[in-house]
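Going by the order they are written in, the chains are A, B, C, D, E, F and G; count residues from 1 in each one.
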Amino acid sequence: MDVRVWFLPVAVSFATAFLHVVFCKAGRHFRKWLSLAGGIAVAAGCFYSMYVNYMYLSSGQVMSLLFATLISTISLFSVSYSQWYNPEDNFVYDSLLFLFIGAMNGVVLSHSLIALYVYWEIMAVASFFLVLFTDTEEARRAAFKYIIMTGAGSVFLLFSILGIWLIEENIFWKHLFFFSMLIGTGIKAGIFPLHTWLPDAHPAAPTPVSSMLSGVMIKTGIYAMIRFYFVLFKPSWSIGWETILILIGVITLLGGVFLALVQHDIKRLLAYHSISQIGYIMLGIACGTSIGLVGALYHVINHAIFKSLLFLGAGVLIKATGSRELGNYGGLARKLPLTFGVMTVAALSISGVPPFNGFVSKWLIYQALLSKGGEIAVVALAAALLGSVLTLASFIKVLNDSFMGVKKAEISKQGLESSPFMNMPMVLLAAGCLLFGLFPGVVTERFLFPALGEYVPLNIELIKTASLYGWLALAVFCLLFIFGRNWMRKFRKTEPFVGGEIFTAEETAFDGSHFYGTIKEIGPIKRFYSAESTGKLDIYAIAGKILPGVNRVFHNAAVRAVDSVYARGSVILNLAVKKLKLLQNGLLARYIVWLFAGIIFLMEVIRR
Amino acid sequence: MNVLDTLKEKLGGSIKELKAHNAKRIYITVDRADVKKCLKILFRDLDARYIVASGVENFDSFEILYHLGFDGEGTVVSVRTYLDRGKPEIESMTSIIPGISYIEREMKELLGINFTGHPGLTHFLLRDDWEEGNYPLRKAKNG
Amino acid sequence: MNAVHVLLYFIMSLAAFSVCGMMAMWVDRKVTARLQFRVGPPWYQNFADFAKLAGKETLIPGKASIFMFVFAPVIAVTAAAMCGAVLLLVFRTGFGFPGDVILLLYLLTVPSLAIILGGSSSGNVLASVGISREMKLLLGYELPFACALIIPAVRSGATTSLVEILRFQQANGITLGSISGVIGFLIAVFALQGKIGLVPFDLAEAEGELAGGAFIEYSGILLGLFKLAKAILLIVGPLFVVTLYFGGINFSSVTGVIAGILKYLLILVLFVLVKNTNPRLRIDQALKFYWGWMTLFGIIGILLAVKGL
Amino acid sequence: MKKPKLRELKEAITSLFSKPFTTDFPYKPHTPPKRYRGKPEYNEKECVGCGACFQVCPAKAIEMNDEINADGGPTRTLIHHPAECLFCGECERNCITQEGIKLSTKFDIAYFDEKNVQNSVQHKLLVCKDCGEIIGTEKHLLWAFRRVKNLGFAQPVMLSRLMEELEIKTGAEEKIAPPIQRTDMLKIVCPRCRRIAFISDEKKEH
Amino acid sequence: MAEDKKKKVIVPIGPYHPLLEEPEFFALYCDGEKVVDVDWQAGYNHRAIEKLSEAKHWDQVTFLVERICGICSTSHPFAYCNAVEDLLGASVPERARYIRCIIGELERIHSHLLWVGLAGHFLGYNTVFMWAWKYREPVLDMFEIITGNRNHYAMFKIGGVRRNIEEEDMPALRRVLKGLKVQLEMLTHAVLDDPVLGARLKGVGVLTKEHIKNFGAVGPVARASGIGGDIRKDDPYAAYPMLDFKVITAEHGDVFDKAVVRLLEMFESIKIIEQSLDAIEGKGGDIQTEIRDIPPGEGIGRHEAPRGECFHYIKSDGTNRPVRHKIRAPSYTNIPTFKASCIGQMIPDVAIILAGVDPCYCCTERVAVYDAGNKKKQMYDFSRLVEMSRQKTEKIKKEI
Amino acid sequence: MKKLYIDYDKLLETGSEDIKCSYRMHPENNGITGLREELAFMFVCRRCEDYPCVNSCPTGALKRESGLVKRSKILCVSCKTCSLACPFGTILPEFIPYLVSRCDTCLGRLKGGELPLCAASCKNGAVQYIEEEQIEDKTNLYKLGDNVLVRALNWLDLYGIKK
Amino acid sequence: MSLKIKALKKSLWVYHMSGGSCNNCDIEILACLDPRFDIERFGMTLVGSPRHADVLLCTGIINKKCVERVKEVYAQTAKPCVVVAIGACSCSGGIFRDGYQMGGPLDKLIPVDIYIPGCPPKPEAMIAGIVKLLEKLK
């Protein structure tokens, strides 16, 4: 294996990040293209590795490459979008972005766990600054929460990494390490009780970043989880974790989607959906069967596609209206037809409506659950089905609020689907939604099966047949569209009928915040929501309550020392820190403290 | 004690004129300033039921009759008060009888009687663009 | 089985199900009328309705997003007919694939989805209330309905293939013949009641409250298409249940077909009876009903099914 | 005792197996009850054209047209407009002859053009020979005459009308012109002119 | 989540709305499906009746007031005649009084049945609608036979009634009543025992005695809240003093109780009619007194219409037209209670709460208006109301 | 005190259509019409022994009350039969309308120097508002109530019958 | 007769609109639905939105406040549609003609196809009127 090719993506990313710093005075235009070139190079690198090495790789490596390809492709889109999305010129942002991309690639491409961990931390720091980038009060709080939780996660991850490294065959330790790993990666992936950084960080981050955070970064958690799973329990799955994983999956899925249902901040809503989709992936992983893993991987890909698409679309909306509140949108379908189209596609995909990609992967997961059998799995299947509908429901709300209905907000010209560099990624992603739904056979055969190596391949023919109906639907739809266009012109336009009265738009805008109020009122669900709104579900807040003393101790003693050491240390970070005036803030310091605390704790454990 | 006597006792001095059309129809005339007091006594203390108020235009005045029913006895007591023709205005009774708000709005709209202190004397029956000062229930000038 | 075949099949089944659906709707209306001491509409009524709607002018609310508004009904019909096509294929040729049950489950939500999108694009507040109800209702019945699908799937040996389920039923007796089957069947019927939008779950249309709800802005052929979709659903939904629980329709013999029609009519009459002796529920009541009792039964049914009962 | 749903079900089943309650109406004609207040119709024979029905109609659904310059002499037309009619029956009840206008049992009076369903009656009108004022319809006069019986002979107009019918010429066809004579009273004149004639007669102005 | 930042949405009911046969407009300010405030816009039915009445002969006014409303089409003439007779101090022949009662009570039956049907319709329970209306048909047939029309009976006249109830019609009437009793029994129990209806109606739209008092609500609406006001008993007129009947009341004031009151009242009405028939059958007698002139003065007439007390105030100046005719129909005071009872309820409940009030708008808006010749386009300014914060709504809720 | 003075016979010639009235409790009220009816039955009617008018009236609206003919405003349907039947032209159709008018002689409504609208709008002096003393020619002058003076040719006078 | 008209005649959907009526006409329209008259026999149903309607049944005098609404609703109705004026009120104004809240009668505002007078017209009269209308629809 040629190491250079293997690490090409990482290297290129870091190089681009560095170039951004170098050319910090070079002007917006130049760096735009630089970013684009970098992004393309990274993606191309991945594809190249994929293409060149395909036949010779082990299944684990294929999986790495798969993730890397995914990451770099989505990143490319986000980068491209981001260059035309962010009006102001900021090299720090760009370089952080590439640092982030590189780190993500690094996480999935690294050969050793320690390397993985290092990249993991770089990724965390880079994304931390990206979240912090807008530097609002909200962003600070979110970023702080994010870094603290990620830091804690790192501790767990490190613990289990070191554990795996040091202690091999003890089954008890194995379970412990796995558990620790689950928490470590789970925080990143956002499984349910550990998800709480996610709905805060996503909205706070700049939209292209959210799209990457949600589209790919949380997938690194999944990646790590799968890899660890393999490493730890390779030959036999049945060691009792499945049930727990299924439960976690179900809770994540339903919890996420129920919370998403009542959101009216579009990015927050999307963030919650990320959580719930992670639930599906968890279910797939939990099944542990080939079909389940295929489903999970497929869903990882799909989720990356449609979720980043959704965030990009949301970005357009936010740009256009200057607000994240769903209630402030309305009637945008005419103004933003493209966004409307791609968002609809994405919404249908994420809800698993055939013929889009979400259907296929979800279907694989259902199939896995069903064939797994047993009460829990089957009930989980029911829950998963419900989850889909709830997802649908919440996206209906999004579509209804933002595109349908009547116009409420003034639309600023500048955000209106002006740049092809913003539009292209969206269109491509939307096409991806459709293609991955229509050619499930190809996807599974070419990418997923190799990644899972030793598992028995499925009967692909059947999956192909399923997509036949998708084709059919498409054909019918196209036919009707062609015939329908002429005939549409004959329609007469009138005012809406509201009992003969005439209203202004605002008065009758029954927007999404009104949609699911009823659901909030129903029995146990009500308790759930009230628990959520009072922060009883927020592990971060709970921990904050339980551990103030601990926090303080660290903050006061250890922190100071490391703080000063650190402050002289890094170059690029320092640059960024200066830019963002964060030194005084002490956030970073706190993060580092967690890090060190983790290491100290680990040492303690190992020494015994 | 029948309603008539009760009224005489409770309202006493406020009554300027008391006319019992028959045993069950009692009309009492009070000063504009006393209306509120009387209504309060009737509606709250004597527990009469609010029926309706009617505004009548006379040649030289407006009169408002507040009809209150004593359901036990089947008596209708109408409290009558006269308003200036030039400036028909009276305190709104909504604070005592919440339900009277609609009829007051209606009287404002149709007869042009102004109710001070009413929470929302907006158009009720007529078109919203009905011109001010055109009070349909006022007697049209003949010629 | 190539694509042209499938397309032809689709068109054929669209036609067949439209006709049957309208007749089913007529049966519904007629029986309803007779329950109310009335005569009821003549048999061709729904055809006349559709023909008339087709001939009428179509209005588009000025603030609508036209594309969605126009294509929502088309999608609804396509999806409904597609369900029909899948079922028909299964009945006639035994063609199916693992997961067509789930496909159908999804496809059956698509008409509701289309209604919702259409209603929402019309920009009418009453329609919005209607679609929010439709959506909530969808949330409500989808869970028990999913349970009702899982029960036969589990019983027939963890398969999501209709053909397999049918085959299993042929071999081991219909699903309805077991406790979990009965539970599942009842759940399926109630859930379908919601899906098709019959009283007591017609909250989305709620003539009395919302003036047609999601359809309030629709007119002409677009409305006709929605009605058509509903008609097709009225036949596809019960047929689906017949397949899952009743052993489907055997197209190979006349008696099989007649038996199939009788099975279908049984469900239809059940619908009509429930419809006519109940008032419309409030949305929260409906949700509670579905998420409470129905789901509870659904889960019990699943557990029983897993146990093989 | 509570029997939820059972009663409904019973009624529903009864209904299912009984004949529909529905009428056969458009296929078989419908006869309203005999006192049904349908479309009012004039009875040409009985109506005297007094116009009382026109007066009492609360909806002003009856139109009374007096045309003095019509061909064939002055006429009074009473037109009933179903479009405005309330079918209250006041016209019938107050008709002075009791028979002049009657509410039929016709209920199917939908129209595209109101003319098709209007119902009218025409009467010859007597006008004052002097001032041209309308006196009343001829029929009304005769009807009043019949009503007051021989008292009617005291009424010069009635008398003159009778005389006209008997072709008794008084030789006083022309307008009343001063000096007013007693024979002027025997002309067909309106009450006002009559009164004036009387006054001048009595004042002995001639 | 920023709860209070959420806007309220106006969900219009009306002016043209299947819920209302008549145009009327309620703006429901909603939060989701929950109603937080209601605004009542009337006037779509305003037909200038009080003004028109001043230009009509005393006799013609009966037809005018009859057309205040198609459902209470006897109640208004009844109250009006009571008012004029109160002015005159005139007495009405006995037979006429009984006939008045019969017509009044028949109307109550038809009106309540109509209500039951419509309530069923609003609940989506079309079968009840069809059945109730089917049972109502014979009553209308009786009207048609007796008075000559299914509605707008033209029976009332100052000083008596216009038409007699012919002896030949009485057996038919008795038959109809007998059949009706059986059917009503069925319907009443079907409604009262139905668990689903119970779930839908009980505890919905509760009106307390305080609400009733404040708004002066009358009739079944008040009686369902335990206030036993009934003009027929309190201020007996026509033949009511001679008849034996009960005033139905209920306790909870919710829609269910309103239904109960209405359903049970029909049985009382049947009782009244049967007694009245016993009293007049076979005995002839005058049906009207001659009223020659109506002196100046004022009079108040009341009648317990199906929906409650119907109140007419008339003032005469000695000509043959009223100078002032004030009409207060029951709905006028009942509709405002709707506001009190529907805040905090859900939109689907609003329908039935509104139905529970049994509102008709025609009567609430009678008065006259003359042409302003103003053809400007209308503007609606609801923004001020939209601005009203949730807290204020809460306050209002407490107040009323 | 000023009184409303009506020259009945003059009115007879001109008619009272143009005369307006300020009694505005009713639309289209014309007090003079009402007064004329009253005057006619009071001063013009000859109190025929057989009362053709009463006999002719189909609704029984006309009635003799202490010698005078009185029309019931409630019962009359304005069929004008009485006007046809009266031999003397006492009852003119124009003053027996269905909806009667009322005159309150503007009592209490006139501010100083103001004329009642009828007097103001009568062109040939048939209706005037003057002090009783101002009228020089006192022949055929009668009082109707306190506020109305009437000049009407009375047959009693003509025939020298004592009142 | 084209299929379009034929279908229309067999399936008239009715939207009922009241513009200031005494509601008796409205009640009688509803009565047409009841088991006695059951206009569903002829394929007629009452719909909640003018968009769905083929027939606009208008009652009432169309008072001033309703004028715009009625015009609006007419504009919002999918054509071809027929307008039926029900009752004296909407045919001419009936007893309320002179009370000047009167914005109608109906034909002053929108073209009326058939008038069914009566106060109220009995359901039979309405049915007969519609039958007449159907005969005219060619």
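Following the convention adopted for this analysis, contacts are C-beta pairs under 8 Å (C-beta built on N, C-alpha and C of every residue); 3 or more make two chains touch, one makes a residue touch a chain.
Quick caveat: nothing in here was measured; it's all calculated off a predicted structure.
Fewest steps needed to get from chain A to chain D, stepping only to touching chains, is 2. Chain pair with the most C-beta contact pairs: A-C. Taking each chain's centre as the mean of its CA atoms, A is the chain most distant from chain F. Averaged C-alpha coordinates give centres for chain A and chain B that are 69 Å from one another.
Centre-to-centre separation of chain D and chain F, using mean CA positions: 28 Å.
Rounded to whole angstrom units, the spacing between the C-alpha centres of chain A and chain F is 99. Chain B and chain C have centres, each the mean of its CA atoms, that are 60 Å apart. Taken residue by residue, chain E touches two or more other chains at 9-12, 15-18, 23, 30, 32-33, 43, 46, 48, 51, 55-57, 59, 63-64, 67, 127, 130-131, 134, 137, 144, 149, 152, 194, 323, 346, 368-370, 372, 377-378, 380, whereas all remaining positions touch fewer.
Annotation for chain B: residues 125-127, 136, 140 touch two or more other chains.
Looking at chain D, residues 5, 8, 12, 20-22, 32, 56, 58-59, 86-88 sit in touch with two or more other chains. On the chain B side of its complex with chain F, the touching residues are 59-60, 139-143. Residue ranges of chain B in contact with chain G, taken from their complex: 125-127, 136. Listed in rising order, the residues of chain E touching chain F in the complex are 54-59, 158, 290-294, 317-321, 323.
On chain F, the positions that touch chain D within their shared complex are 9, 12-13, 44, 48, 50, 52, 55-56, 58-59, 77-81, 83-93, 97-98, 153, 155, 158-159.
For chain F in complex with chain E, the touching residues are 25-29, 34, 60-61, 63, 72-75, 98-102.
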